[in-house]
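Structures follow.
Below are two complexes that have chain A in common, paired first with chain B and then with chain C.
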Partner chain A sequence: MAESNEPQAKATASVSSSGNPTSSLSRVSKCPETLEEGKRSFSDDAGFARVQPMIEDWHQPWLNGVELLEDSNHNKHFLPTGYEGIDVLLGGGLCEGQLTEMVGPSSSGKTQVCLYSAALVADKHFGVVMFVDTCNSFSPKRIACIVDQLSSSFSGEAKERRLKRVMSNIFCHSVFDIFALLDVLHQLEFKLKQQVKSGDTKICLLIIDSISSLLTPVLGGKGSEGRLLMVSAGIILKKLANEYNISVLVTNHMVGGEGGILKPALGESWKSIPHVRLQLTRDQGSNICNVSILKHTFMATGRTAKFVIHSRSCSVQDGRGR
Partner chain B sequence: MEENPRGWIHGDETAKAMLSRILTERPFLFLPPLHRVPLRVGNVVEIAGPSPSAKSQILLHAAVNCILPEEWKGIRFGGLGRMVMYFDLDCRFDVLRLSQILKHRIMEAYRSTNNTYWKEKGEHQKNDAPTTHMYLCDDELFLDCMRRFLYIRCYNSFEFLAALKAMHSHSQRESEALGVSVHFLMIDSIGAFYWMDRACQPMPIGGSKRKNVSLQSLAEAVVQEICKLLQMQPVLVLATKATIFGAGTSGNDAQRLAHDVNLPILRSTSSTRAFGKWCSEGKMDSRTSSREGEKLMYREYMPSSWQSFVTHRVHLQALGL
Partner chain C sequence: MEIANLPISPSHRAKLLSAGYTTFSSLSAVSPSQLARDLNIALQEASDILKVVSDITRSESLHGGNAILKGAQTAWDMLSEEQMQKRITTGCDDLDTILGGGIHCKEVTEVGGVPGIGKTQLGIQLAVNVQIPVEYGGLGGKAVYIDTEGSFMVERAYQVAEGCIMDTLDKFGHHRKVILDCQEQMQPNSFLANIFYFRICSYTEQIAVINYLQKFLAEQKDVKIIIIDSVTFHFRQDFDDLALRTRVLCGMSLKLMELTKTYNLAVVLLNQVTTKFTEGSFQLTLALGDSWSHACTNRVILYWNGNERHAYIDKSPSLRSASAPFSVTSKGIRNATSQCKRVRMM
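What follows is the complex of A and B.
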């Protein structure tokens, strides 16, 4: 019924605030199929019933609590970050379908957590990792180091193969402004819509190291364009996370606030975008980091944990890895 | 048509009869922690606050209160047993949190009935058999309640409008399937698409018949759709709104305690209660008085059509440590 009506009706049924279907009704009645039934007078209900299947294309499907729970149990797994403190704090690790933000002053361990979780997820066959690098922080040598630590019981040949496999499962993109980021995200969404891959070739973790370095140049003053770009990026990230069961991890830096206390950058509008916000701090000269929950969907804020970042001391030959 | 002029002079019912009819048809609801504000179906409540205040928590608690039945297998839950329609515009809803709150409420009700049961019997130990029987009932009740929670996610204003248009027929279908009607309409973060809508250029599309797409016209469309919905099916509308402009108070960025939320009511058009401030914990002492001097500098950014549609506005402020 709706197929032949579609091209015309889509052009006419608008979201104008008049809202009544009679305007779309008059166009629908011009279609050949409905002219045969034109003898019957169209009441509002019948008209709306014809337009309704088209309207259902324009919004997401209706769900109920039971379906949401099933989706959460089957599709939304926890991806371990590799640091036990964080994993225990988050109840398993980074949750697929959620946008996790890590905030911390510089050199507090954010990039290390990103690299470690990328290596671990790629190693354990959870899926493909996409690393969007805005400040040249992606280091293949460090990934090789981590894989070396993980596969310490293997022989040389097996280690090589394992490293190759891990490296081929991590895709790194360098972007240096917000428009390039939006472009990358749109392309990713387009690609995911087309393909129906499953298993360990599907992307499951998207890391954006330092999304704040892309957004702070555009946010400034009272102009609304910067906030528009920030909110658009947030919506695309959450859409990717929800629809394709990806866990998104972004990092943010801190700026000075009132009274000299550091606060997370990106302002008030950003606060309502991530699902989970973690704050990392590291004492000078030690490699023990503190992580505390600033915001979580079901855990109390203020919970803290510690984890240790092992310094890079591993024997990886130069020139290997990508 | 009756030719009965006298019938026109004598009204349909007296004011007293009308008041009693309305109070039974549309009783007052008291939703904790807003239990001092009597709300009725047909009201539009806007819950505004900066980001780490408990806005979504209030929605979830109200939703759990609504989907729980009044009574189940002899145990009194005190809920409404009706459906909730949740529009997630922020896309931050977590079903695990909802199920956590629901399970907690169910457990509490079981525990309190268990306590009273054993008190009456005069024994002090809790037997295992009745509690395991209760755990088996749990799942059935839990799934029953979760089925009454209807949810949809929207990624932009057009999807939101389309969902509002389709909501009535969907809720009719669900009502026929489950036998209860929708009582709450919850919108998480009505201002979620503010920046995107503001950037819509009001350009005329092919002739003057169509209205331009702009922030004002989208807000008017939303208000109109909800009005139509309220006429066909009276529901209580609860909308959260994040305050995004504001110097804020110093308590904003500090950690918040889950139970310590300061709730001043700034404006309440249909309530006869004078507005004032109170703490949900009942600590109406030095904390509130020390904050008297601080002004809440949040600017209203929603268009005027939404602002005039709202009947109750609640402002939340997190008390820092």
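What follows is the complex of A and C.
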């Protein structure tokens, strides 16, 4: 029987990795009828021929290592956060094409890092920053303060103009549930697709502060829909990051784990999604924050650094008359 | 914008193209039934496609096709908007200073502290102060007071309103004309009439009222502050499933965030304290746990410093950590009476 079906046997042999005679035999005995069936439906359904090119179009072209390296050298830059400690720790800052997550307890400096990076990236002409705000924590006033600090060498009119330019390059969108977030991400993807063709100023940093407050109300319980929503948000974020060379920064909070020790929220299935995971802590009543790497694509975990959140008062605000 | 990158299913896209619909203008005049016939699809699907197309052409004409995202605002526009905003004064100058002028609209502020420190007093004070007419430099708004503990005392609110009116009139004593204009508003009774009071007796009622607020606020556009006194009370008892509690609370906080943005108002949540065992010692922290600590934009902790009441900014995206003394007088929240009035910055 095996000999009579020689061609099929060869075909299956390439599929079965071990070449175990009994397993290939059992496959062979099943093979003819399935192939027959396949042939019949193939010839019957002329639509398949029309669909096939579409399926082939659908998948991405393959790349080899050299091309990947070239892509990462040309398109995946580091965006500085502005905090020297973090930038040194990460070898330059937030990497484009990657999803970076910051976890930390309340008031540990997560939002400050987000606001500072937004201001710096918009200031250094890297591109447009998109800020998705879920806890009303986007403070334009704080951004104005940071820009004021950054442009201390300028004065008067030039400073004002610079402030306007930087702040016009930061877009903020308030989102209060996970479905709205998915909607925003789909819209964004659609816009980016167009932009790739028309070549407008590109979005280079997408910040979601905080993603966990959207996910906590839907997570847990008996159903798994919550986890599904979480993972699909993660997949879109990573896709956007990779295809359009965006650096995505999300924040996550911490919950009490076993023995009262704090651990990042959102659980195990989220843990595998971000490329880079940083943990922030701050001592009560001081400006000094500690940052440590919990996960990184190419760096050792456990390294730590310190940075200082400046709380200089904002002169530009008080002086501006409207 | 081309047919090729319409956000519809690939099979529909292919059908559109193969039926000869290659531009948007070719789709603009076609009816759903005709499209359904041409593409050999269901009528519903055809009308969905046309809806997507009309949405996109409309948004393109609105924003010139280059707006990054529908509903997004630039930081510059938001800054100008924020500078136009008035703050709700607390009645204590030092406290206003560290808060950047008072309680901000469009933000959720959490106030916590030990029993008797003056949380409810601050709540009542804010419900009154929000009503100071625009002519007197206030917001001229109304207040929603959600009382879960039954600690709102209307006699006290009357007292505070009287005190507030007296002090405001003192401050504007030389503007005779203004006083005549809003004589009617500047009566304690009209202040009380503009506080909408909800008494809540269980957490289910609390969730229900927060969901109802959406509708209530759409009718009462003047409401500028929502005070929940306290957000904690019912969630600290008869709640066995802590994971469920976290979910419900987070959902509630998102609702409140949305309300502040949509109706441009301030939300003040009063919270109780609890002890937490960290690093070998028991410390006072706010109740409801770590997840809840992310539910507010700003957090103010009230505490005793010797015999003096102090407020401390514990969390804020724009304000620096600072503390200031305040006192609770018969008129309401006022400056600390002692000699040391200086605001201590940290």
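Just so it is clear, the second predicted complex is superposed on the first by the 256 of 322 C-alpha atoms of A that agree within 3 Å, B and C clash if a C-alpha of one lies under 4 Å from a C-alpha of the other, contacts with A are read in each partner's own complex, and residues count from 1 in each chain.
Everything below uses one rule, namely that contacts are C-beta pairs under 8 Å (C-beta built on N, C-alpha and C of every residue); 3 or more make two chains touch, one makes a residue touch a chain.
Note that the coordinates shown come from a computational prediction; the quantities given were computed from them, not determined experimentally.
Visitor: Sharing chain A, do chain B and chain C clash or fit in the superposition?
Guide: fit
Visitor: On the A-aligned overlay, A:Thr216 touches which partner chain: chain B = first, chain C = second, or both, or neither?
Guide: The answer is second: A:Thr216 touches chain C but not chain B.
Visitor: Could you tell me if A:Leu68 is touching chain B, chain C, both of them or neither one (first, second, both, neither)?
Guide: A:Leu68: touches chain B, not chain C.
Visitor: Identify which of chain B and chain C touches the larger number of residues of chain A.
Guide: Looking at chain A, the partner in contact with more of its residues is C.
Visitor: For A:Phe190 in the superposed arrangement: first (chain B), second (chain C), both or neither?
Guide: Second partner only, chain C.
Visitor: Output check: A:Thr111 vs chain B and chain C. Expected answer is one of first, second, both, neither. What do you get?
Guide: A:Thr111 contacts chain C only, not chain B.
Visitor: Look at A:Phe171 in the shared chain and tell me whether it touches chain B only, chain C only, both, or neither; answer first, second, both or neither.
Guide: Touch status of A:Phe171: second partner only.
Visitor: Touching A:Ser152, do we find chain B (first), chain C (second), both, or neither?
Guide: neither
Visitor: So after superposition, what is the minimum Cα distance from chain B to chain C, given in Å?
Guide: Checking C-alpha atoms only, chain B sits 13 Å from chain C at its nearest point.
Visitor: Which chain A residues lie in the overlap of the chain B contact set and the chain C contact set?
Guide: Chain A residues touching both partners: 58.
Visitor: Given the complex with chain B, which residues does chain A contribute to the contact?
Guide: Residues 14-19, 48, 52, 55-56, 58-66, 68-69, 71-72, 98, 224-225, 227-228, 230-232, 235, 238-239, 242, 257-259, 261, 263, 268-269, 271-272, 275, 294-295, 297-298, 300-302.
Visitor: Mind pulling up the chain B residues that touch chain A in the complex?
Guide: Residues 50-52, 67, 90-92, 94-100, 143, 145-156, 158-163, 165-166, 169-170, 174, 189, 192-193, 195-196, 198-199, 210-211, 213, 217, 220-221, 224-225, 228, 242-246, 248, 250, 253, 255-256, 258 of chain B touch chain A in their complex.
Visitor: Using the touch rule from the top, collect the residues of chain A that touch chain C in their complex.
Guide: 51, 54, 58, 105-107, 111-112, 115, 118, 128, 130-131, 134-145, 164, 166-174, 176-177, 184, 186-188, 190-191, 193-194, 200, 203, 210, 212-214, 216-221, 253-256, 260, 262, 265, 285, 311, 313, 320, 322
Visitor: Please output the residues of chain C touching chain A within their complex, sorted ascending.
Guide: 1, 5, 7, 10-11, 14, 66, 68-76, 78-80, 82-84, 100, 106-108, 243-244, 246-248, 250-251, 253-255, 257-258, 260-261, 277-278, 289-291, 293-297, 299, 314-315, 317-318, 320-321, 346
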